[in-house]
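Two complexes, one shared chain (subunit A), two partners (subunit B, subunit C).
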Partner chain A sequence: MMLAPTYIDGSGAVVPQPTVNQDKFLEEILEYNERFLQVVSPVYKDYIDVKLLRRMSKIVKMSIVSAQVAMQQAGVDQVDAIMTGTGMGCQIDTEKFLNAMIENGETLLTPTSFIQSTHNTMGGQIALMLGNKNHNLTYVHRTFSFESALLDAMMMIAEKEAQKVLVGGIDEITDESWLIKTQIDYYKKHACKNSAVYTDLQPGALSGEGSAFFVLSADRSEKTYAQLKGVSTLYKPRSNKELEDFIKRFLMTNELGLSDIDLVIMGNNGDPVFDRIYEDLATGLFKTIPTGRFKHLCGEYDTASSFALWIASGILRHQYVPSTISQHPFDRKTPKKILIYNHFRNINHSLILVTTPDAS
Partner chain B sequence: MTEGVVVTGMGIVSCIGFNVDETLHSLMIGKTGIGKISILDSIHRDEFVLGEIKLTQKELMEKLGVDLNLPWTRTALLGVWAARQAYQSAGLSTNSGKRIGLVSASTVGGMDRSELYYKDFLTDAIRKNHIDTHHAGNSTEMIADDLNIHDYLTTISTACSSSLNSIMFGARLLRHNLLDAVIVGGTDALSRFTLNGFNTLMILDHEHCRPFDATRRGLNLGEGAGYLVLERTSDALAGKKQVIAQVAGYANANDAFHQTASSDNGEGPFLAMQRAVAKAGITAQDIDYINVHGTGTDNNDLTEGVAMKRLFGDQVPPFSSTKAFTGHTLGATGVIESIISILSMNNDKVFPNINFKEVIEEINLVPVSQLTDLHINHVLTNSFGFGGNDSSVVFSKVPSNISGL
Partner chain C sequence: MEALIEKLKEQIIKQLNLEDITPADINEEDSLFGEGLGLDSIDALELIVLLEKEYGIRIENPKDGQKIFFSIKTMAEFIQEHQKK
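On to the complex of A and B.
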């Protein structure tokens, strides 16, 4: 079923590309030749009190800056709910406490990293910073995490329990978590040029990290530049047909057909095995629709679809498709309806539909 | 009540029982499950008591008859055990044409295996199977696969309030007609990670915990899993389902005070309770019993008490913490205490706040410390956690004209 109209009034991202305080919208991108991609650190002290900054882990800082950018853009200083999604949560603090515990045989431990290891640390810290006492939830289901947060926000708006909701997706990469996941071919073992990631033959994805937050609103205002139409997830499809039916049904629910979509942003991540699903769709179901890719910009992480939404809403705001993400020169006038499709190893599939504010 | 959401199935596993009946029995006879550590391999074995489920990993796998070739975490096994009970008690079936979802909560995820195998992940081919069981959604997927659930799944983690939030989110999915039935709850296994973590915070009692007692010294950790099956009231009635309780109200608020401590005036807990009662469409005076969070830490019990007094004035309803039975089961605690609250309501009994002797002077609130008969129509249950995450849920009795279906 369709939920109530939900508008996007602001967005902010901290990813391995310059996205904070930029006049240009992904016109030029940073080239890497690395084992994994890390975020371009914004000037954190411009956003966070220096005294607090010292005690904050990277993932918390990324979250706070992207949340603040989104709120500034939306022109709000409070929200009615804060929803965060994170697949792996605070990996740096978890590793710190876990390693110390194992290496010191459960002795000489200090609480700081344990306290900061819980998945809801980002949501809690944002609430603390804003003095926000409202609904606050953290979703932690791999590549469903951000999608669950979006769905909850849309439902709250539909129920009129919230007018403005801050929603974000965040994950951080560490040397250790990267190394561990190279062991099971989730991530590439050797450095890879991000510009050539889609043709890299090493097993696994080029991994990365990032944070993107959005201010969703029940009402359209002069700040509104996009409309979030829907989000849906599919778990372990048993056939290609089930996946295709899922995509068609999602569009039908939103009273659209494939021909209405101006651009599909897909989550190819350089994994030669699992990228086939995207490639098959690009030459099959999505054959007549322009496609774009984005993980050469940010790498793979569980909540990367939040950056895809940042790009999609940015396209609607700037009214052009940067050549850095489109797979072929984009020849349509101005895109109005953008579909985001992402999957994790054919287990967790998701769709997000975003349009211009007035698109029906 | 056609627009409402009701409970049509329950499943629970904790140190006081491996199903609903055993849990009720332990609560009625006042038998705690907390005791000496015999399963968790920790250097703190003789220092603390825990609410352990006295089955090893191998025994759990055999008991559940699961595929031994799959990389099971203890968190997933406990979850499967409780979720199967809930699924069966609600009479769900995957070929009924109903859209069935699973919303589970966990704080430690697969940490019980990660902490054992972490240093082998880079070297040992067999242990590598466990690399991808670390993330918090793993247990949810293992449960979904066990029950053949495909239509929707997600996982929530808001520290110790996690599984009350799964109830809220699940209820919302039903209200929006995105699902026809949803299994909601949470699972958390004991791990050295959490035992040591709470130990560094110096909020673990070496003795049995004493919630709401002036001499309380901290909490006892426990482990377990619990799940409810929720359905829309109209569907449950049309399907002539057993209706166990109504999910009448719920709310989630943030204390916005400190990463781990609660504010002195219990603002977050107060707002969660106040909003949950309002959402239920009743007044605070209608609450007959509160199953409090009551961990036994200095900070929680004091601030929870302050918050209750703010909401209820000098008419604080009978209340008890059942954590001295089960231990604090972290991500599972909200749903385990929801099930205990429902048992309380449906049996018209208040289960005792065991180990209570001396009233906390600052709040002067006396918990119910003996098994007590009480007619209960509306029960409120609280769960509060790190990150300022505070949640409350109100369950209401099903009117007798429909409960007998």
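On to the complex of A and C.
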């Protein structure tokens, strides 16, 4: 389904790399040798009143900062809707609340961690800070969470229910959740260098966390630097052919062929089993297109594709592909059309197409 | 009493996550709510839980809260009178 033009006027991200208040666009990256990657915390007090700050857990703080950065960049102080996507929501406060329940025999529960433990806390807190009483929805669909929020935002714009929508994807990692997911080989058990994650042989992905928000607009303005052309998801393809057909069909719907794509950003996460799907595409369907990877920067999390969109729109804004994400030196003309392909353990596959504002 | 006041200050800072505030910054006679420390109704609930959890004291009549939680000193006096632990 091809929707009405949706423009990107602003974006902000808080991830395990320095992205806030940076003049440079991913030119240098932080190297880690950790079990999981955690966000580089901005000076939260510069963005949030200290009285409010003390009740906020990390995920709420990073959401608010990335949303504020996106809105400042777009030059807006209000939006018609707020859409958030999160796979696991406020894990730190959920754990705090559940642990207190166990320790105190289901009595003496404090209100703050309960209030902050719901999945829609981020969307709610952003609305409270903006004094925004408009449409506010949170999608919790594991690795389709951000894509669902994005699609809903695009549909609201297409149906003229909203002119400007704030949309974001956020997830946080905790020791507890990391430990649980290492037991089922979702995440790597031992520390791993993020710069060498794609050749690490341990089962599972290098896990991480992050937040990325975008101001989408129905109209092109002087703030616009990218156009969001389409989002599509595929659940459990039965074969490589089904996956390839899904990609070709998506491009065809957007009146494009493979040769029109200047760069594919893929979601390799260092899992030796499931990265094969990306590798097969890189040497097969995408063999003539430059490819890039991004999860060595942020680790794997349910809404990591939001950071891929932040990178893609940043490439279109800055008009260059940072060597820190490209698999091979980018030797084409300036990129105009970027495809993001992400999958989660061959279950949830998603595509996001982003172009320069004037690209047809 | 002095020791109890100091302990209370530390417990309140920890429970309410009062960043950048040290026990020395809190005057035991200043009001906890409004202009003093600037606490609000959610903090009041946290303080009720703190009293019960740390000192085994349950506030039976919510109307008493305003008097008990006026300042660190009034809290300490209330604890001293009712402490079960």
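Heads up, the rule we're going with is that the second predicted complex is superposed on the first by the 360 of 360 C-alpha atoms of A that agree within 3 Å, B and C clash if a C-alpha of one lies under 4 Å from a C-alpha of the other, contacts with A are read in each partner's own complex, and residues count from 1 in each chain.
Keep this in mind: a residue touches a chain if its C-beta (ideal position, glycine included) is under 8 Å from a C-beta of that chain, and two chains touch if they have at least 3 such contacts.
Quantities reported herein were computed from a predicted structural model and do not represent experimental measurements.
Chemist: Following the superposition defined at the top, how do subunit B and subunit C come out on subunit A, clash or fit?
Modeler: fit
Chemist: Taking the superposition on A as described, I'd like to know which of subunit B and subunit C A:Leu53 touches: first, second, both or neither.
Modeler: second
Chemist: Look at A:Pro329 in the shared chain and tell me whether it touches subunit B only, subunit C only, both, or neither; answer first, second, both or neither.
Modeler: neither
Chemist: Identify the partner contact of A:Asn134: answer first if only subunit B is touched, second if only subunit C is, both if each is, neither if none is.
Modeler: First partner only.
Chemist: What angle, rounded to a multiple of 10°, is defined by the Cα centres of subunit B, subunit A and subunit C, with the middle one as vertex?
Modeler: 70
Chemist: Between subunit B (first) and subunit C (second), which does A:Leu109 come into contact with in this model arrangement: first, second, both, or neither?
Modeler: Both partners, subunit B and subunit C.
Chemist: More residues of subunit A in touch with subunit C or with subunit B?
Modeler: B
Chemist: What is the minimum C-alpha distance, in Å, between subunit B and subunit C after the two complexes are superposed on chain A?
Modeler: 9
Chemist: Could you list which residues of subunit A make contact with subunit B in one structure and with subunit C in the other?
Modeler: 109-111, 115
Chemist: Which subunit B residues qualify as touching subunit A in the complex?
Modeler: Residue list for subunit B touching subunit A: 42-44, 106-107, 109, 111, 114-115, 118-119, 121-122, 128, 131-132, 135-137, 140-141, 144-145, 150, 152-159, 165, 169, 172-173, 175-178, 192-193, 196-197, 199-201, 251-260, 267-268, 271, 385-389.
Chemist: Which stretch or stretches of subunit A touch subunit C in the complex?
Modeler: Interface residues on the subunit A side: 50-51, 53-55, 104, 108-112, 115.
Chemist: Spell out the part of subunit A that touches subunit B in their complex, as residue ranges.
Modeler: Per the touch definition, subunit A meets subunit B at residues 1, 3, 82, 87-89, 97-99, 101-102, 105-107, 109-111, 114-121, 123-125, 127-128, 130-142, 144-145, 148, 152, 155-156, 158-159, 179-181, 183-184, 186, 233, 235-236, 302, 347.
Chemist: Mind listing the subunit C positions that touch subunit A in their complex?
Modeler: Subunit C reaches subunit A through residues 15-20, 38, 42, 45-46, 49, 52-53.
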